[in-house]
Amino acid sequence: MNSSQMMALMPILMLSLTAVVLMIQASIKRDQGVAWWITGAGFLLALWGAGYAREFAQPVTILLGVDDWGLFFTTLILAASLVTLILSKDTFSPEGERKEEYYLLLVLSVLGAVILIQSSHMASLLLGMELMGVALYGMIAFPEKGELPLEAAIKYLVLSACASAMLLFGFALIYAATGDLSYGGMGAKAAVAYSQEPLVLMAGSAMILAGLGFKLSVVPFHMWTPDVYQGAPTPVTGFLATVSKGAVFVALTRFFIEGQLYQYSSLIVALSAVAVASMLVGNWLALRQENIKRLLAYSSIAHFGYLLIVLIALSIIDNAGGGQLIGEAITFYLAAYILTTLAAFTVVANLAGEDDSKSMLGAFDGLFWRNPLQASALMVALLSFAGIPLTAGFIGKFYLITVSIQSQLWLLLVALVLGSAIAIYYYLRIIFAMSKTSGATIKTGSRAAIGAQDILAILLLLMVLALGSWPQPFIAFAGGL
Amino acid sequence: MLEITLFYIAATIALAATVLAMTRANAIHALIYLIVSLLAVAVIFFLIGAPFAAALEIVIYAGAIMVLFVFVIMMLNLGEEGDARERGLLQPSIWAGPALLSFLLFAELLYMISTVEGPVSMQAVSAKEVGLALFGPYVLAVEIASMLLLAGLVGSYHLGRRYLEREE
Amino acid sequence: MVMVNLILILLLGGVLAMLSERLGVNVPRRVALAVVLVDLGYLLSELAGMPALTQLQAPMPDDPSTWLMHFQAQWIPAFGISIELALDGISLLMVLLTLVLGAIAVSASWTDVIVKRGFFEANLLWTLAGVLGVFMALDLFLFFLFWEVMLIPMYFMIAIWGHENRGYAAMKFFIFTQASGLLMLVATLVLVAVNHSATGQWSFSYFDLLNTPMAEQTAHWLMLGFFIAFVVKLPAFPFHTWLPDAHTQAPTAGSVILAGILLKTGAYGLIRFAVPLFPEAALNFSFTAMALGAAGVVYGAVLAFAQTDFKRLVAYSSVSHMGFVLLGVYAWNELALQGAVMQMVAHGFSTAALFMIAGSLQERLHTRDMREMGGLWQQMPRMGAVAMFFVVASLGLPGLGNFVAEFLVLLGLFQVNPWMTAVAALGLITGAIYSLILMQRSFQGEISATLSSKLEGHGLADFAGREMVTMMVMMVALIGLGLYPQPVLDMAKPVLQSLLELTSAEMTP
Amino acid sequence: MEGLNIPLNHILLVSSLLFSIGMLGLMIRRNIIFILMSLEVMLNAAALAFVAAGAHWGQPDGQIIFMLILSIAAAEVAVGLGLVLQVQRRFKTLDMDSANRMRG
Amino acid sequence: MAEMVWLVPLIPLLSSVMLMLCSANLPRLLIGLLGVGSVGAAALLTLSIGMDFLADPEPFQLTLWTWMQVSNFSPGIAFYFDGLTLVMMSVITGVGFLIHLFSTEFMEEDASYARYFAYLNMFVAAMLILVMADNLLLLYLGWEGVGVCSYLLVGFWYQNSANGQAARKAFVVTRIGDTAMALGLLLLFTELGTLDIQSMMAVANQQWQVGDTVPLIACLLLLGGAVGKSAQLPLHTWLPDAMAGPTPVSALIHAATMVTAGVYLIARTHDLFLLAPISMMVVALVGLATSLMAAFTALMQSDIKRILAYSTISQIGYMFLALGVGAWAAGIFHLMTHAFFKALLFLGSGAIIHYLHHEHDIFKMGGLRTKMPVTFWSFMIGSAALAALPMTSGFFSKDQILLQAYMMPGAGPWLWLGGLLGALLTAIYSFRLVFVVFFGEAKTEPDGDTGWRMAVPLVMLCGLAMIGGYFIIPVADVFPAVSGEHPAHWVEYVSISVPLIGLLLAYLIFHSRQINMDTLVNSSVGQLLRRFWFGGWGIDWLYDRVFVRPYYLLSGLMKNEPIDAIYGLIVAVNQTFNHWLAEAQTGQMRWYILSMVFGLIVLLTLALQIPLEAL
């Protein structure tokens, strides 16, 4: 490893440094305020590092492949982590619990996500995912009060470990078939292996898809999602929904593309089944859900179902011509999804905090009149989820539809349209609840000064709108990655 | 031939011990069987030319990780009534469905394995080679693994500390 | 730029109206009215500098400069999406209708909205802005955007200020139009993809997408995608069921805008997009479409008759009337198309007025149930007379706009399919039946027991100045349309002729 | 050491069986301790497959992944057992079937 | 003067609009002046234009503006003026003026005085437009306009639901005919390319041969309109109910003018009918059948206005008969005379009703001869004319019709016989009315006899009913000439004597009681017939069962939107899926693991399919 490669690892280094500094700080004097600032500074440094590393983008050992695309998502994920950090400050455990560990876990989890994003080798994928996951267990179970976080954590841990075992076994099978653990090497050798022992390769791939599918919470590996979303502290839920899922999807994409798995039609069939099931089941589940966090969980199931279309389309469009489109589609959709989800969870975190009953739909009655700012942010987020024009989600959906048309995936397109149509209902239910004039007693009186949470909500709202109404700069940017 | 015979013996022990571990009502008993299973796997490692892995399996897996289990079981002081309930849970109605699923899973894996070409020679990989690779191309993995262990440490510290504080 | 300004004035005006609530609860409505009138005035003043509207040249589909106005600016060049707005006779007609009815809608809700007036007026103005966009956008992406976005403020109008069952109605309205809109989006994208593969260019421009060569089967499916989106909005049988609920539950201004303008976007879409983009497929499909239209005419009329809710009855009458539009569009000859355009305008006024009357009744009686009305003429003779006027307008009395429309549609349709015409003509009879029963149940007959006990000898306030002025505007408009429809026909004529020319080459069987 | 003649597919068979048994345990046990043990069995099965595949190809990578699996298992178990303590304290039972406060 | 013809409908129209707009603010006197004066002015204008025309009988056409111009469809707001128009306009404005004048007294105490005159003026305007229209579309405007006015006036006393019911029935039933007529218009335009009546007939004569199918269909469709408006079989059922309106309205609309619009329409488009002899036959048969059916029915009624209503139906049947046999001028002539004497009769009955506290039942009247002399003499003269007693106006017109019917080749004598039967019945029922109401013992006490505003119209109409038969209507140039042949003299004698026989019978039965019909009436067959005839031959009953009730039933069944059930099904399906899936989220971890393993197995199964390219 030379110095230029070190430079390429700048965001990872910065995050590791933050972790170390946090530990040192804890050993000197425990102070969660300071820890918060250190974490924030660490994220900012890492953000800077992500920008800095662009000049040095290159593979670093066999484990990591730093490239523009990965760095973009690194940036996005760091930004999302910053949002999580800001949300975490006030919205849970207000009674002065020592949160230094929490910040440390957060940093470690982000570190895992960044590694995951840049992984080019099964070992780094594994480690990144586990690092992210193990830290998340702690974060989910962090609150001292209440049983729900604990239940969520134990479920997440067991199921996640089960998924990891599947993933590992799949890796082992692929390794047995190809003798290479890096994506590229595996992809190159897979063709030979496929001609000799196709089943081992396919079974391995299927188990890997199952393992990663769990983290993406696609059907039928989705069942943990609502419980964990509901039980975890809301900022952690937001983190899980954005950072964890985003990073895993990026890793899956890399693995899928570099390993050239899209060539195998049986995998495509399997993936299509998963995608269709996710789109429909996710939306059906959300249909009458009363708890917003659970509802968002179900909706995320559907969204990753939609997103899988892009991977499936790879099998038809391939890298010729349409590859550009697919790249843009993934980048845009994921970015839009992350931003939108963050906006939604920002509002939910602000309003519900740790109180589970406050995340029920009824608690959002008349929000428009009580807190127009937060309500608008949530509304825009929901509209973006629903794919209404002028929001980022619409352009994302636009991409998906274009991709599925270009690759003539009509069945998936039908599922996408059906799912979106069903989805309108439950997004609207929330909007309707927020617009109720009766439940509000229309008291705007106690208007607190606009806090950091509000600024955050506005910022995210504006970004979602900007991405939806003026997407060209971002498209151009994404096309360049 | 000796190796092959030994392998089959070890494999049989590992499988049998695992089955027993999975079906015990008493946690300590199960743990002992699990350790036996791990030791048997270690033997297999040794037989296929991975002595370093075999050693680690014994030292860390059977030695360290299982001891963690022992600690916890002892801390929780699981009593006899727990055993009785566990026994009651092992009804066919409970395990029939899962067993079917497991069997299906295994059948599919078996189907997959059956296509693998016949006996292929194994090559031994010495500890030195492993070490070189570990601190060569995989050096970053070591670093990340350390972070992973740190995360595990912090997490369990946080959770365990609360338990201990409450105990006082 | 004029067109962009038109939309921007409304958008910003909406913000202004919302903010102005702080100055007093009654300020927003004045602001809103002023904004709409300013917008209208601005448009008229710009038109003054244009060639006489009755002598427009035919807008060529391949040459935007022949259009009355044309505006194009880059937006998402990656996909060939631009902000392309254009105005021809039909668009202009619809834009004018929108603004006039917009002002009327503001007036209609002058007193009946009590809570959150600022936000209400803002939503109203934003809906108008979206509708203007729909009528002017010629980039299919932009069109879709306006198409969807205008629903949101409309949704709020129903969901927040609607009547007792507003949640259900708003939801139904939104889901119907959204789900069908998705189909249109998919169809648009497929069309663009086909065009892309033919020309190697991404473009969403109407001008580029016309005459896209494609397989017959493809054209058929794409046409269906557009068709469904438009007929849901229109609405045509059997996609109409959202309409009675939405109309009934919406506040008066919402009903006025829904019936008066929003439905017309569907008709406009059919004329502008669904047929010209896929002429051959549309021709093959025309029998089905006309059958749906005829079915709608009769079905709407029969159901209207059955209703006891004033607004619901009027809503079903819209279904019936819009059936004529569908018939007119798919007969696709000049007579029928002119009839369809006339129907769009005339129905805009007549139904808007009836909804206003319904709103006034609701405001005074706190019910829309006609079983609790009766004999209201005695209490409110002016309102009764006005209602009578619009009722006979809606049943197609010659001399009023609706008749010209229906007759032209039938005339054009007869040349295409006499039997269908005969079925549609049943609408004239059934239309008379429900229109008159509306009058009978509300304004004529004996005063119902419920009502008289409610009144306890108190009189009801008759229409006052503001309401009469609003009504007069619409009455004059309908009489004008009925006796001298030529200006409207002349405005639409060049457009329709160029569309007919465009499609005639491919439509000749 | 010299080459050994143990067929790869036999080892894979053993590890598949172990994996399936672990899975079975995971599905039938309610006690969280046993669940964690089952997970260990599954991880161990994967590790066996890795080491065997490594030996098959004569590469050290298999063993390295094995070591990584060890660390993963350690971390998971550490946190998992931490949670077990909390579960015992909060729920007064280790029966996971009773942890179903969230549903629907 | 001729170019001022557009003022004739405009004056009443403007008056109507003014009355509507300022209804609340005008004194009664002004309202009356405006209402009556506008029609009077129109009448005067018509008179002076008519004078000019008679001096120089050249038809002329006047286009005000092009109504609409679409493709080759360009109907104008245009008037056509010829002898026929003049006759119609004279009747409308002349009789209309008298009835307006009568109304000022009749409606004196009504609260909605202004509204009444507004409607009535509007009606006159619409009727004038109808007869003056140069093209069928404008005619249709007038046609529908009078329909609406009729609706408004029948339901004038809207507080009573029955009136509303009658008004709606009138409108809807005529609308059925109108729709047929509209279809006829569509067909004519599609075939001939124009709706201008004169050029249309010219084109039709070139384009079609006698006996072609298309003109037959067109004529039948137009006939549909005519049948609806003129209350002929099978669409006559609205007219008796329409008597719910104020009596002057019945006089003007449902006797003198509007109901004869169908006659006018057929006469106006006679060239088309000539091209379709079958349609002519249909017209004649419809007319005859209607006139007989209505006459029988009139015989049984006891409501004074219903008797007159059925008599109107019957008389219009005669006009149709005339049109059907090609006696165009005779038909129009009868139209005019009928306008005089039927308006007279209606106004007379109006006077009775007005002064008898809205009593309609003739058997509750009696002996009014001395109490209401003006009315009595009106009725005498009117009934004489109606029964076509010699020297009355009705005699001349009806006699012409019967004779020309007889002359019709083929079915002529049969039609003539039917007509004779009708004439007999007419004489019987009209004098039945006179005898029952004005002779015999007095049963009620009227408030007095008519005031001058009632008397003047009555007297003037008496005069017209007497001398109207001597008028020569200037329609010779409009219609093709009728063959000058006359039938044998005995035919004429029979025709003349039949009404006298009817009068005699009526006297014997209803006044002197020398013929006792009671046994016949009370026999079971008699009862049955009586009820059958009384109920208008059960046609109303039939329609009620076949059309009205099923329609109510259908709409009642569909009220809650059957289509929504389909969407409801979609919703239900989604909800079911939601329910099942939500049930699956048990919260139990073991179950979640099970689902994951299941998923893994599915994935493996799918993935292990050997891909095609590997084979």
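A, B, C, D and E label the chains in the order they appear, each numbered from 1.
Here, a contact is a pair of C-beta atoms (placed from the backbone, for glycine too) under 8 Å apart; a residue touches a chain by one contact, two chains touch by 3 or more.
These figures come from a predicted structure and were not determined experimentally.
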In the contact graph of chains, the distance from chain A to chain C in steps is 1
Shared touch partners for chain A + chain E come out as B, C, D
Maximum distance between Cα centroids and chain B occurs for chain E
The pair of chains with the most residue-pair contacts is B-D
Computed over C-alpha atoms, the centroid farthest from that of chain A is that of chain E
Chain with Cα centroid nearest the overall Cα mean is chain C
Taking each chain's centre as the mean of its CA atoms, chain C sits from chain D at a distance in Å of 65
Dist(centroid_CA(chain B), centroid_CA(chain E)) in Å evaluates to 100
The distance between the C-alpha centres of chain A and chain D, rounded to whole Å, is 26
Taking each chain's mean CA coordinate, chain A and chain B are separated, in whole Å, by 31
Residues of chain E that touch at least two other chains are 582, 585, 587, 589, 593-594, 597-598, 600, 604, 608
Among all residues of chain B, those touching at least two other chains are 97-98, 101-102, 105, 108-109, 111-113, 116-117, 138, 141, 145, 148, 151-152, 155, 157-159, 162
Flagged in chain A as touching 2+ other chains are 123, 127, 130, 134, 137-138, 141, 154-155, 158, 162, 173, 176, 198-199, 202-203, 226-227, 289
Every chain pair meeting the touch definition is listed as A-B, A-C, A-D, A-E, B-D, B-E, C-E, D-E
Seen from chain E, its contact residues with chain C in the complex are 20, 23-24, 65-71, 73, 77, 115, 137, 140-141, 143-145, 148, 151-152, 155, 158-161, 164-165, 167-168, 171-172, 175-176, 178-179, 182-183, 186-187, 189-190, 551, 554-556, 558-559, 561, 563-564, 566-567
Seen from chain B, its contact residues with chain A in the complex are 108-109, 111-113, 115-117, 137-141, 143-145, 147-148, 150-152, 154-155, 157-159, 162
Within their complex, chain A touches chain B through residues 1, 16, 19, 60-64, 101, 104-105, 108-109, 111-112, 115, 123-124, 127-128, 130-131, 134-135, 137-138, 141-142, 144, 173, 176, 196-200, 202-203
Residue positions on chain A within touch of chain D in the complex are 122-123, 126-127, 130, 134, 137-138, 141, 147-148, 150-155, 157-158, 161-162, 164-165, 168-169, 171-173, 175-176, 179, 181, 226-227, 230-231, 289, 294
Seen from chain C, its contact residues with chain A in the complex are 74-79, 115-116, 144-145, 148-149, 152, 155-156, 159-160, 167, 170-171, 174-175, 178-179, 182-183, 185-186, 189-190, 193
